[in-house]
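Next come two complexes, and both contain chain A; in the first it sits with chain B, in the second with chain C.
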Partner chain A sequence: MKKILTLLILILLITCSKESGSDTIVSVVDATPVVANSSDTSANNDADSNTETNTSDTSSDSESTSFDRKAMLENWVNNIIIPLNEDFKTKLNSLKEETSKFKTSPNSENLKLVKEKWLIAYKSWQHIEMFDYGKAEEIYYQSKMNVYPTDTERVERNISSETYNLDNANNNDAQGFPAIDYMLYGIADTEEKIIEKFSQSDNKYISYLTNVIDKMYRVTSEVSSYWTDSKDSFISSTENTATSSINKVTNDFIFYYEKGFRTNKIGIPAGVFSGTTLPDRVEGYYSKIYSKELALEALAAVENFFSGKKFNSDIKGEGLETYLNFLKSDGSDLSKSISDQFAIAKEKISGLNEDFTSQISSDNNKMLVTYDEIQKGVVFLKTDMLQTLSISVDYVDADGD
Partner chain B sequence: MGTLNSYLSKTYDSSPLIVFRIGFGLLMLISLIRFWSNGWIEELYIDPQFHFSYYGFEWVKPLGDFTYVLFLICGLSSIFIALGYKYRFSIILFFLSFTYIELMDKTTYLNHYYFISVLSFLMIFLPLNIRFSIDSYQRKISYNKVPYWTIDSIKLLITIVYLFAGIAKINSDWLFKAMPLKIWLTSKYDLPLIGETIMHKEWFHYLMSWGGMFYDLLIPFLLLISFTRGFAFLLVVFFHVFTVILFPIGMFPYIMIFSALIFFSSKFHEKIIYNISNFLNKLIKSKKIFKFYNTYKIKNTKILYPVIVLFFIFQITFPLRNLLYEGELFWNEKGYRYSWRVMLMEKMGYTTFKVNDLDSGKSFYINNSDFLTPFQEKQMSFQPDFIIEYAHFIGDHYKLNGIKNLSVNADSFVALNGRKSQRFVDPEINLYLEKRSLKNYNWILPFEDEIRGF
Partner chain C sequence: MICLLIIASCSKDEYSGPASADSFIIKEVEEEKIVEVPTTVTVNVPTPVAPSDYDFNRKGISTVYYTGQSSRLKMAAALGSAMNSNASTKEQIKNMFDNGEGFTDATLNGTGKKVGNKTGAYGSATVKPIFDTWITDFVDNVIPAWNNDASKGVAGKYTDPGTGGRTVYINKQGKEYNQLFMKGLIGGMANDQIINGYLSQSKLDGVKANNDSGVFEYTPPGSAEANVTKMEHYWDEGFGYLYGLDDQTNPKLGASGDVLLNKYLKKIEASDEPGIAKKIYDAFTLGRAAITAKNYTLRDEQAKIIKVELSKVIGYKAAYYMYSGGSNIDSGKIANAMHALSEGYGFILSLQYTQKADGTPYMTNAEVNALLAELDAGDGFWDHTKATLGVIGKKITDATGLLPQNVY
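After this line comes the complex of A and B, so read on.
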């Protein structure tokens, strides 16, 4: 009798402590921003140990070895996230410098250079938009950098009033790359008139442009330092819980593919969610010729991350692709289905007009077909991949129904 | 007839019922407090703008802030049950309030909530307050013997649950593919010691699958036989603790561990009551004199016996209703619920809806997150009855918003037990015209594989 009672109490104590550690919680749909408190694990790994594997997508011997999740996180942060962030910061800085040259001498040549740097930085941005993690999540980084369509009225109001706070969420659609797009291409209908506005003696336009870029650079620096400072705790957070690095980054990736990429770049403008096309909602609306280029860059970012490809190299490290190959030891080729689908989507996007606005007006059906192919990838990621990784969607008691 | 009569007149010590009552009341109270303290009342019953209803119970509506009062009533009644205060009234109140809570939103359906509703219904008819309760204290009458069948009825219910759970595991996915345990065990790689070792091993997946099946089928009998009872209870504890570690499964394991105690002898339960009463005597000095009657005689047996018999006939037949349907049970889910299929499959879906304005010819996809919580969206994505109810909700919503003539189509994919995702709903069929029904839905596409077994 006593034995059973003590046993019961022991069990209760053990299970109560276990229960708190065993949540498998993640929100795939955009839920409330959870400030990622990186787990307090004792990370006794050498911070710079790069266990680089020169394997591409070969499936590992799943029975004898287990998957090195730490290596995957290391690959993610050391070979992908940090280098991409640094590269972006550099290119953003280049835009900043070019803009101040333009401020000093607002002429056609300098405007052309600013436009070039803007595009280069914008393309680099496509590679990091999906990492809505940590500091980026906390400061709503993505919504300060790439909310479109731009609210041009608000931009003009801000410019003329000169009183505005870019930190205010109301100004999200009046800053970032899309706002610059508007300013470089859309504030007047000829290039001469645009340069005129930037040469105004009251400096209103040029101030706004520089302020927007300064803001972008500031928040980018914050996010960059965050990554270098927190990479150790990021790498050691290998558990299967809602706030672990693996789960959050995977979910961010899927969310980006569905929302940032599929919905924003293709879905909304093609009228998928509204019944009528919204051709002015494309990315790069004012510059008119870059929407396809940006979309292709974003898809490349998706493919690279999925395959664990290291920045500026053809070598693939551990990533979702190798992880899936490990888990799917029964021979089914989920990761190949996914990468094949990405390739199909790439083909479709490549066949579109470089200006999506004009594509939508001339033949929106091609946009819809493209959307459908991207959508197939969403299904693979959100059902097949999540089921294989066993990352669930929400935490409440749940029987296995 | 003779053996039936002699069985019905057999008596037993009343202590198992008493301990059961106290434990049940306390566990329910803990359950409700836990639910409230996790903020789930707000999150699941008050915040969502839409709730999925049970077939035939669409009239059970959420109550807004009054939901807290409902939980309070349920909690108070569970305290009264534990204390044995106005027992009959309390258990009925508990049954009604708890069941109402469950009926408000099908999203939160759990087999163990259903179990509690069923069990508390049975407990209405059992004499649980005839001893060691405030009721018996006030009446100054205490019975130390009850008809044996009252204790047996609880054992029978538990046996039914386990047996059906075991039978449910006799299917080719579970036994021959070790699915879905293969997915779930592998995902628990962060458990100390076993996480990176046996949790990955295929033999372990099969061991757990087969072991789980045999456990469910054998444990009621191991508990019944006094020789194996102690060992069986250790198995019970081990099994359910293991599920706590693996799954976010709430109070179910503790309730099942506790319920297994009903199989123990009166000696065991007497000791518990003795300890509790010693403890209480230290707090409350009382010298009331009890009249100790011998055997409690059940009243109104002419009505009671048929009710109990009907109850058990229902418990044994209702879980079998899936046999009436064609098609793959795991796919169509007709008869899946209320059949003790616990943690049996890993099913994940992705379901979006397209609204077509038939007059203008325009179509658009809706955003599920505009209407559903992430939890609701998850549950909706792979369960047909949710899909049809939601499709109607969407249609009604847009009709109200001005689209007079519309149709609703679903773009739906489901992955089951590690298979590649497959299209679930026929995208050509206008779900707005389809009706919710107990029959198989012709708009669910056939399952492109085969699962043999129950």
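After this line comes the complex of A and C, so read on.
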């Protein structure tokens, strides 16, 4: 790329000549370039004029400096991705431990603790799902963790047969958070009966629950180690190619916003892609009351990543927001438009019933209006932001044509 | 390099610190500045000669096809008939709309093409459900009242007096649903798919690399092998939403069986804007050639012409039917009025699927909804007069800047 060096030299000569009888103050403040020639500029100036020369070198042109892409990658991996993964792993471990206690003493109190830890981990997961990169992409991490609706028949079949392979992609919808949601809340119609199932002497239910959680912990450990091990190569991949870190992660982020967040959490259950509403497709269908909380958490994750916010802190580092601000042309404030749109989406989600299933049956239009506001964000991110960043979209919509 | 030299002079001895503004005297001084002189370089931009018609071939075989669009246009017409027949059931209409199945014309079944998922696809998610409520109200409330006399607040049949007086089957607000449905699809499907879908910069640029390297992705029905790039084909699909049932190389407009945009473009050509049809066709043709020549600036210029011109069809008609409805109410032709207002209602809905030269629609989803709410208030169309409809018409012409002919 051709490098343009722009040097602005401002030589300001203020010559004050003696003139009698008038208060004349001329201040030259606006250095707007106009075409002028150099003829007789000093004709009116006396020899005894006070001449002041001020030379300054101003690099106001953005092309003379460049955005520190490396700093952004460092912030992403060191302050966001790795801490998030570590935190998530810790939370899954708590779920594991609580489940083990529940196995020993299957009672209401312990079930409650398992549910609590499940929700905490599920919320933490909302921050992880967008990073479909490296190991996560290779092992289909998301598909192991959060495919919903869960296939309850398959879950029950696996439980009763005790012969199943969770690595098999056919079992993607029989594991992860949605399968646990079903097991903790949906395998029977009262809590008493649910505990009964987990207390069976054949241990079939509790074993499946344990195996599913163990599997989640195992794949999470793999992904977590991957990030720690490969962070240097991640950071050094600053170029703008289809496979560079920035391009891939930015695409993953937008893809998540469009698919994992917009489509899965709101669009599909609200019937945007089908003729009719599909209320059983909400996230956390069996626990009922968490679909909104999870959606809000996902939006917070989106906001955090966009603004480059460091994990567990309010400090913003280099990220898409600062990158856009750096590149912003006069008169447009894309990063503000995006943040504002996130805020509107948040307001809309906050206005929904905590259980999206009941929101859909009582007033689905509210879901659709929420969808519209989230969708406006897709346009900002996928069209305007990518154009500004000169990044190509690496995924395409299915056309059906 | 910009060197800026400013030499200013002023009298020195009189200056004694900051003065109030009104004591300032502005004096002209000479400034010397050296400014950047733009240099001109010559680059070769591939610029196709405008072809005379929409006929594109490779090795003598046509690369143009848009069978899916032709199917959807036929499906739309069949849905229109179903929305005005007392033999329809909700299941049938929903099956046609959402699943693309159950059509009398068996060639439309099993194609995988649907009208429903292309209804309001690029706009607010609240629009498609509006079409669904129309189906429900038609089947639940209009069909059972098929032979009742319609009146304010009562669904049924209304026939204007005199020989050849129009008969409409309307809901209690006066809505003739097939009209809402068809005119809603003119914007909600045809125009939306063209302007916000296939001819949008994001859709086309998304397949730029593919077009640049000339990857053939699709195999037209008349070809044994893939011979058309994605971008070319997207453009053809946009073309198909307007000309899908017309003659590709010599469109007549008012194509048999096309009740959507093609039909109304013919009307606008005949009344409000003679010449518009050729302008649109030529832009489609040159834009397609530009894609093959990889000249995307030219492509987008043509896309813009198409978007702006096609949108006018909706803009003119939305206002026209408000005025026409008002005139008919005035002259006591209620069936005519209800028919016109039903068309207008659909066209107003379609106003959100338009694009002006600045890229914005004539009206946003919220503005459209506000206008429709005015039409829906109270007993709906029955509560309106020439005056109230004139007010709505004015709001539309204010938004579009287009004054339809023959209504004043």
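The definition used in the following text is that the second predicted complex is superposed on the first by the 327 of 401 C-alpha atoms of A that agree within 3 Å, B and C clash if a C-alpha of one lies under 4 Å from a C-alpha of the other, contacts with A are read in each partner's own complex, and residues count from 1 in each chain.
Here is the rule we go by: contacts are C-beta pairs under 8 Å (C-beta built on N, C-alpha and C of every residue); 3 or more make two chains touch, one makes a residue touch a chain.
Being a predicted model, the structure only gives us computed values, none of them experimental.
When the two structures are aligned on the shared chain, A:Glu239 is found in touch with chain B, with no touch to chain C.
Legend: residue contacts after superposition of the two complexes on their common chain; A:Leu368 is shown touching chain C, with no touch to chain B. In the superposition on chain A, no contact is made by A:Ile180 with either chain B or chain C.
By the document's definition of touching, of the two partners only chain B reaches A:Leu389; chain C does not. By the touch criterion stated above, A:Leu327 is placed in contact with chain B alone, chain C being left untouched.
In the superposition on chain A, A:Ala270 makes contact with chain C only, while chain B stays out of contact range. Contacts of A:Val219 after superposition: neither chain B nor chain C is touched. Comparing the two interfaces of chain A, the one with chain B and the one with chain C have residues 7-8, 11-12, 14-15, 18-19, 22-25, 28, 31, 267, 271-276, 375, 382-383, 392-393, 396, 400-401 in common.
Against chain A, in their complex, chain C makes its touches with residues 1-15, 19, 23-27, 29-33, 35-36, 68, 94, 97-99, 112-113, 116-117, 124-126, 128-129, 132, 202, 206-207, 209, 237, 365.
Contacts from chain A toward chain C in the complex involve residues 5-19, 22-26, 28, 31, 33-38, 40-42, 44-45, 49-50, 267, 270-276, 364-365, 368-369, 371-372, 375, 382-383, 392-393, 396, 400-401. Every residue of chain A that touches chain B in the complex is listed here, in rising order: 1, 4, 7-8, 11-12, 14-15, 18-19, 22-25, 27-31, 62-63, 66-67, 69, 238-241, 267, 271-276, 327, 330, 332, 334, 337, 375, 378-380, 382-384, 386-401. Looking at the complex, you find that chain B touches chain A at residues 40, 44, 108-112, 180, 183-184, 186-190, 196, 200-202, 233-234, 237, 241, 244-254, 257, 268, 271-272, 336-337, 341-350, 357, 360, 362-369, 373-375, 377-378, 383, 411, 413-415, 418, 420-421.
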